[in-house]
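Here come two complexes built around chain A, the first alongside chain B, the second alongside chain C.
This part shows the complex of A and B:
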């Protein structure tokens, strides 16, 4: 049994190595001098960062991405929380259809969502604009926000809110003073996660964006040219941003659930 | 607290219905409608004709792409389920709660972390003169052509789906009642019998959900078949991108999209039926 156990841990380690290999590679090669990276490594350099971040369009793309991610996360989180609260508090006819509407978006392939969004937003005159991308990313982020808030609400004693009502608080006041404070960590967590979802999303953004490119859309277009180590440099910044957000999102829920 | 609070209640319920109705259901319905529209002089005109359907469904390249996509997604789902299982098994039965929680923590991180850049990293790693071939070269083998092939695409699909499949499998395996396994052992079942006749059936729902998600994600993925698979043969996702981006043939792209959604529906329903079927 000892050997079997050792083998299975080696296997788990190998699987994690496979999953993290591309992330580590990208970071290592972003500081490597070779244009066509291989082993043994070339010399240490920050050249690719300097070239990438001396281009104004890279800064514009980062600015666009931040605007889109920050705004889409607000809307996703608000929608997700409202939906989670509805599911937690109320039963009604067609509730299953309601929940399906809330949770289906991640199952639709991104190219299809991209095409549908492009056609729809073009009719509304919003294709090629940042609000267009924000709208699309809100649709995609809301289910994740809903899941996180729903998990947190599950831990709330539903008598807590009823008690506030009985003590004379209006439902709005009970929401503000009881439910939202209780859900605060989940709400912040949902904000971080949906910001990460938006910051990394490129297919729908690519269909919809036109000239207002976000960072991943810019990477996608550089990629269609050739191997370019600048992508490693930009990619490393993207990794660090989204990893920080996802780690933050998880720590916020874990800390609360374990206590 | 009967119906006094209805305004309050609707204030929480309606936002989702309005938003997803306007920006999720609306776009998808428009896309379905668009598949019946006509393109004349590079402009789309609302209509109800079957031209686009005729044109796409009578072409070999559509059906080739369809079967390639279906076959690859099936293969990816099987491969991911099989590759993930030993790891999920170890995490579910051999790890402490703390280790399992951190393992899931670190699998969630890559799932939400720039898939595109990770695929680019594979492009570098798998290149003809890249690091992997250099290492293989030290052993006196290779170089192997790994990019622009089915193999390359499969590496990409695994990058996309493996973390998720391991998470789903681990949860379903960890939820199995341990006394069930002990009972099987006490009754004289060997490890293999215990695995196949007790553990796998008990975790069936989670295993099937993992398979379905792997299928859905691989079936719709554009990046891996394009950048690692060399878009040869093209998949349905590549067909949609090409048809949309070159020329104003959105209605034809819509036909492909509707076919994809229909396929995913059938697969998902079949899987759910299989998952909840009573064992005879």
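This part shows the complex of A and C:
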């Protein structure tokens, strides 16, 4: 029993090491003074962070990414919640088709989605603009938000909302005072997760961003020029941002299911 | 019951869900200050009836009036018909006081006043000291009382209850029955109580409405329904009844070849009901008429022991006895006994 559990711990550790080794390597080299990623390591330095963040285009890219992620997450979460609520509250014909349609976007190859978005947004005159990227990322994030909200609504006693009406709350008020507070952990977690999806997303952003580059698109452009440890520095910041959002989302999901 | 105009009137109310007729032509009046239990097996339309009263379902046809006002087009949140839910449906993200305050908040009562009124009700329900607890920190009985306080804090003239005790342990059910009857008497408001449990309905209600397959099978006081079921459905649903078939000629009914007195019954074949607790068991054949029956088994019920017999015609017979009576009779499966009853214990059912 003891040996068995020791082996399983080693296995888990090995698995995590395998998954995180590249990221940790990138983080380690972001603080390494050598120009090229070689062992033994040089001295500790924050030089690459300083140079990277002294470039105005890096700041612009981060600003773009933040605006896009924050806005797309709002729209994705709102759409996802509304879709999940419709599923929870109403029975109607073709409901399965409706749900399948709502969950469709993640099954479309990103290259196809990117091309389609570019063609469509260009017609609307939105390609190359931040609203264009926001629209694209909303489409990509909404299914995730819906899945999370749906999970939470499934735990809700359907009498809860009716109880609010019965005590004098109009349908809108019941939504505000009962359904949304009940779903709050899921809504926040959906927001964090869709923000992370948008913040990391490269392929579709690459198609539609034009001159308003987001961070992943900018990273690729720097990489096309030369191998530069600044990428490691930028990558570390991106990774930490996304991880924070994802961990926050996970914590909220875990807490809501345990209570 | 009062002699004033009824508080609630159902007039020719029907409700269908697609092809399924949940309620067929319901006509019912509920008085002010009355404790009415609507009872029946699952799917009989009792919950649908309650939900129509609360406005959670709209009647397919017919009208429901409350306090003289036609309610068909009044939305749920504009009605004064608080409901105690089977699941209780307490808000898990609010504490005890906030739950109780909810209805007052929706009605726009000022924060100070609603807090005072909520605390008064919590005190009244014996929940002092639990004001700031979370709902999941309460026991089943405490949650029940929070649900009652939440519904009653707005001082409604009617309270609807949908099987509120079904999730409680047996000993708590009895205690909550006491709480509910006392509360109803003190407040003097109407209680409409839906249940499938005969003991709950008979223990608390002034009047019991028995429903079967979307229709009212009988309305009456618990005693009336118990002693004088109007039809076979009610007689069987109420249980602990013997339903006997016989032929009447001149105030005498012949059952299994024995003649029993049955004053006032019309001649011809009829069905009569004799309650199990009015059935007498004889170890030897009595001089008066009796049905010979073979002992089958016994069952310990809360109020006594039910003995089951099989008559010569194969019919099942039940008689309720005390423990000491059982000891004297010493029944064994297969042993013969004779069953009889006083003439006034027999009741003719219509059909």
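What we mean here is this: the second predicted complex is superposed on the first by the 246 of 259 C-alpha atoms of A that agree within 3 Å, B and C clash if a C-alpha of one lies under 4 Å from a C-alpha of the other, contacts with A are read in each partner's own complex, and residues count from 1 in each chain.
The rule is simple: a residue touches a chain if its C-beta (ideal position, glycine included) is under 8 Å from a C-beta of that chain, and two chains touch if they have at least 3 such contacts.
If you're wondering where the values come from, they're calculated on a predicted model, not measured in any experiment.
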Clash or fit, chain B versus chain C on superposed chain A: fit
Which of the two partners, first being chain B and second being chain C, lies in contact with A:82: first, second, both, or neither? first
With the two complexes superposed on chain A, say which partner A:211 touches: chain B (first), chain C (second), both, or neither. neither
Examine A:165 and indicate which partner it touches, taking first as chain B and second as chain C; both and neither are also allowed. both
With both complexes superposed on chain A, which partner does A:3 reach: first (chain B), second (chain C), both or neither? neither
With both complexes overlaid on chain A, does A:157 touch chain B (first), chain C (second), both or neither? second
For A:123, decide between first (touching chain B), second (touching chain C), both and neither. first
May I ask for the angle at the C-alpha centre of chain A between those of chain B and chain C, rounded to a multiple of 10 degrees? 100
Comparing the two partners chain B and chain C, which touches a greater set of residues in chain A: B
Report, in whole Å, the shortest distance between any C-alpha atom of chain B and any C-alpha atom of chain C after the two complexes are superposed. 5
Touching chain B in one complex and chain C in the other: list those residues of chain A. 162, 165, 171
Spell out the residues on chain B that touch chain A in their complex, using ranges where they run on. 1, 5, 8-9, 11-13, 15-17, 19-21, 23-28, 30-31, 34, 83-84, 86-87, 89-91, 94, 101, 103, 105-110, 112-125, 127, 129-131, 133-135, 158-159, 162-163, 166, 216, 219-223, 227, 237, 240-241, 244, 250, 253-254, 257, 260-261, 264, 268
In the complex with chain A, residue positions of chain C that touch it: 54, 56, 75-78, 81-83, 85-87, 89, 91-93, 102-103, 106-107, 136, 150-151, 154
Per the touch rule, the chain A residues reaching chain C in their complex are 157, 159-160, 162-171, 173-174, 177-178, 181-182, 184, 259
For a test of understanding, state which residues of chain A touch chain B in their complex under the given definition. 5, 8-9, 11-12, 15-16, 18-23, 25-26, 29, 36-39, 75, 78-79, 82-83, 85-86, 89-90, 92, 98, 101-102, 104-105, 107-113, 115-121, 123, 135-136, 138-139, 142, 162, 165, 171-172, 193, 196-197, 200, 202-203, 207, 216, 219-220, 223, 227, 231-232, 235, 238-239, 242-243, 246-247, 250, 254
